[in-house]
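Attaching a single structure in structure tokens format; questions to follow.
Labels run A, B, C and D following the written order; every chain starts at residue 1.
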């Protein structure tokens, strides 16, 4: 019932999934602990379809759920993984390079399972439900991304959320790790493998100093770059300044950068205001959800033309005569030009997703149709399980210390 | 009316205050903008008495306030600064090495001005008021520290707060900077100048990975140490782990450390459970508010004896035959062994204090007697003013970007 | 006359070469300046055959040389690049996965051009010449690697060098950059893209703290790892210690490591003494010239068996029941699992090679048949050209400063 | 027979010396091993007189030498240490703030012992001997600094060296550690304790990227600064560039810097060409041997005036109306504003000095009167002893590995 590029690719995909399993011990542990929890439950998923997400889908299926899944980005689906997943009982509607129209159709297919639970990454499933309006039997929605939560909060302000949302992205055990260390490493992995250029000695401009931006800046520095940060929030800008980064408005940074990476969740971070300022040979890429941070539509009309000079590298010839290089068509560089976040990091995020789906299944009916933070005990539990899996022991408050913290005398 | 060590020390103190003024441009700017705001207002202050706090007191006096001030730690008062401050109109009750009994008397003197506003650092003034009970005309209290807020929250739980509290410590423009970059730098400054030992090549154990602990760990690594972190919170422990630090329980860390720095706001972090495990020659110090993190009372009774081997360095001879070295009697190493946080950092914290006192003066009557967060606009304003003073320009959202962030479509 | 995997792959290879050209401006500049220098000169090359080396070969051809080239490692040859190079006039004898016997034949084909100059990477061409003995018309040899120079110095001790050697590897403009920043980045690029695992939070063991090892350790730390260094030289070990790394003998490090990277130029760094100590799931790889640093022969006989679990990842099942993972069959991880050093770094190394070949051509006849350092003026010239190409201006000594440095009074 | 500020200060000085002893275990070990080696030998020393150098002098006295010592910088002598040292048998001619004329007299007093060995730091003793000309019974000279070696090499070129020189400064176990980690830490210690200003968020200009400059830049970055490097050597400049520092000529850097630290061994690094470009409030200091790197003579005549605003901080009012601040009168900031290098680092340097003096005593007669490198085995021995003292074990080459390294086959 799945729609795939080629179901024969499954062996390569299966190897990828088997590789990540032992690196996701918390999720594997929960897969045992929660046995039967999702029996008969329909789960609609929209998420980058690669090995780690496939393993999450498999775990859900193994716990009794009926899962239908589509990709959340046209270039991040790995066809071999999709094929492998489709053999395990999930319905998969996704392929690399899917067209907008086909993507719409696939979303419809996924929602056709009449889900009890929705796992969203970028909010496409929920926005589709909201557009349709009417009642839904969805008990809870979990959202993986900063961008998705922005959209869902906008829906909430208009009273259009079809069900309560658990803000997985904002949980500490997610954003502190996945957004920072995950995006930080996997984006530079993607940039390096795609370009084979040095990072050291380069001026790297990181747009946005949220958790993703921090990770990007930290790793860029760790790889030897001279890092410039752009921000709109004065507190974050001040942090970047005291961290020793140069803080500049994009107009000034545009002149200096050798590599630009955007991570704002916003639009038009590098756009027609800046294209004419860019240096010959500079690299543009994006680690945010949509291909509007480096404004691809504007770049395409601004430039005299473009051509593919390497896999995932497009050279744009600008009216200035200069050439700039865009990675992965301005889409998530870590997923399009790489394999996404490392498995050990996603173990945190997807264990949290699983626990939030279980929480939503149990408690969703009693929650208002708005955006809710992940309960603190769920958040801390994921971290505690991960420490245990990593063999790390930490201190425990003594009675005396607990009393001390509770007293004022 | 002040009580000082020696009023003749004022010239040296004056030079110290004049040194910090031009490095605190935000506070200086507010000193103009808020002219007259505190006319006739009594402000009771308890805070480490050195150049930056003295300048804050001077600003308040200049804005019309009647200020009475005492120190918040027996070893952090600088007598020359106290003498200089006393000549500017503030009543000063503080000297270096003050006894617990004298400190109590000084607190009483400060409260004798019948304050409209209380600025606390460690909550001593407020706890004294709470113990006295009865009505007070205090409109608002601001608290500078993690430890003080713990005590105030304990008071709030028992309904004993004499007035609403503004949690200055928890504001972003305070804790992200003062606790992290301020404690980070000034503690290592204090440790290095007091010991003249290498940090590079040493194993440094940082207890607590809150904002202070992060700053301490970051700078220790920046100075070339191999850093071990201890924590009780699984999320913070996980962050330390993914930051590349070794995370261990103190029992394991105690065996490895060459230098220990505590920053937990808790008690008995290094205590009799650990003293026997320490290496010959190791250094113990504390960056938290009280001298119980490295449990000095227990160490004194555990050891066979101690002697002063350098200014601010006590050698303890342990029953194991080993010798360990405690800096600054286990009190705040950055203030006792150094000059506290750099002026540029305190410009943020004390500008925030000033704006919070002004806010409390105006709005305190309408606030519940509990602990309130600093209003977000006050918090962001301090950062924005600091950026402006530093000549840093940042991006501003375009209309298009604001619309994008507000939409879901 | 070339021997290739498939000459039809040339288009992809051509794109790769075109990508690196503008990133190698010093080499491109010398390609103009030295016009005609190599007219009628035969150059035999043995080097990892990928885009940057291909460009060097093209430059030589463009300068009039007759070039014959083979690969220096069976897994580092990129067949598409080989095909592209073969169309430009060079004779190419190389393909990916070449057998030892075929490699020997290819070396013979390359030497059949009766070279005036030999460019070696690992010393295979020179060792072959030395084995043959007899006279040769080779005027000079340049050697690119630490390992190659060890072999050539051993030959020199036995009086068997067929011609004077210029120790390109040891030049500052080579080893400080290529070995450190090149190996540092490209190895981690290779490890990350091949495994998709985190580096942050892992314990990384770097064997050898020469320039390669330093680069590996620096980048591992920059990526968030906790780094352990092993060494045999006390001065280098002490440097690693004061840089904040843990320094351990391999026997102790073997128990702790999550990822091992060897870079010693020696043999049996991780071998049967250590295999039984390794942790479940650990990763073994090598950044040195031969597949004996992680002793592959011994591992293969020690293990119960192995299987390919991902491209370039072999899982070995050990008698302990544990599984360990070897990347790129224990050969140069940056070249087998990645694309080798970034072009900007190789611009330094290959410009130096070109200048050394020119120097050897002109001066080789007058040099003893031993290993010579690269002349200092050649070394500094490469750096100066690179700074100019990067648009970096530096200070120049004033007359007064020159006089000061020359005086003692 | 000593000339001191005040012999009664000895107790404080004694405590300082006792503090460093157990932190210099290699020197302490050699003090036993070499018993009697220097019996009846006269040693003339000119070196910064503080606890570590005093301990070296004590060790020499304990080994039988007759020691006469003076300071190598007018502001680095610690009078209490001088007093303590004078009680142990050495003749001490040094006090803080000594005038040039008195310094000359003290040098004469030191040389009056008719030395067998000279330990120089900056070459003052040797230059005096060279000026005098004539025969001397000096068997060997050791020199501690980059600057001193420059002067001695100039003397050597003119054939004026009175005895063979051992270039202690250039030994690996000295310059890699003392110059890099010692200067790096102690200079920032001095700057921080003297100014109480932030390093994080500041633009720090480091002039010179030799071992001292590298240490300064590394620690500045570790403390959160944005670091700019100036250089005259293209290879070092390129290293700084690939390390992620901005590389600029001083003319450009002068406009950007908040803190300048010079470490070149040259003169006029910041001089009248730059003073007019400096920012309001910037800090100037020097980590090189003489007060000409920041050209103090020129600054004094350029400025409208200066005044002491804090201990060791002079405010210069410039014709531009701006004020700049010079630390420690432009002399070695780590020694004048701090206590010099940490004891653990000086354990390496002074153990090397001791071994070189012993080597010179034994072999000096057979050496040419020129500048000699420290013998490699002496150099490595110091590092090996230090590792042993630190409890660090490293790998030892196996027979098989030795054979591998020696072979070419």
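The rule we apply is simple: contacts are C-beta pairs under 8 Å (C-beta built on N, C-alpha and C of every residue); 3 or more make two chains touch, one makes a residue touch a chain.
Values in this document were obtained by computation on a predicted structure and should not be read as measured data.
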item: Chain pair, A-D or A-C, that carries the greater number of C-beta contacts; value: A-C
item: Chain whose Cα centroid lies at the greatest distance from that of chain D; value: A
item: Distance from the mean Cα position of chain D to that of chain A, given in whole angstrom; value: 53
item: Between chain C and chain A, distance of the C-alpha-averaged centres to the nearest whole Å; value: 37
item: Shared-contact residues (touching 2 or more other chains) in chain C; value: 181, 198, 200-201, 221, 224, 241-242, 390
item: Residues of chain D defined as touching chain C within the complex; value: 123, 127, 130, 150-152, 154-155, 158, 160, 172-173, 176-177, 180-181, 230-235, 237-239, 241-242, 247-250, 252, 265-268, 292, 348, 379-380, 383-384, 386-387, 390, 392-398, 400-401, 404-409
item: Interface residues, chain D side, partner chain A - complex; value: 198, 200-201, 221, 224-226, 241-246
item: Complex contact set, residues of chain C against chain A; value: 15-16, 18-20, 22-23, 51, 181, 184-186, 189, 192-193, 196-201, 218-219, 221-224, 281, 309-310, 313, 338-340, 342-345, 390
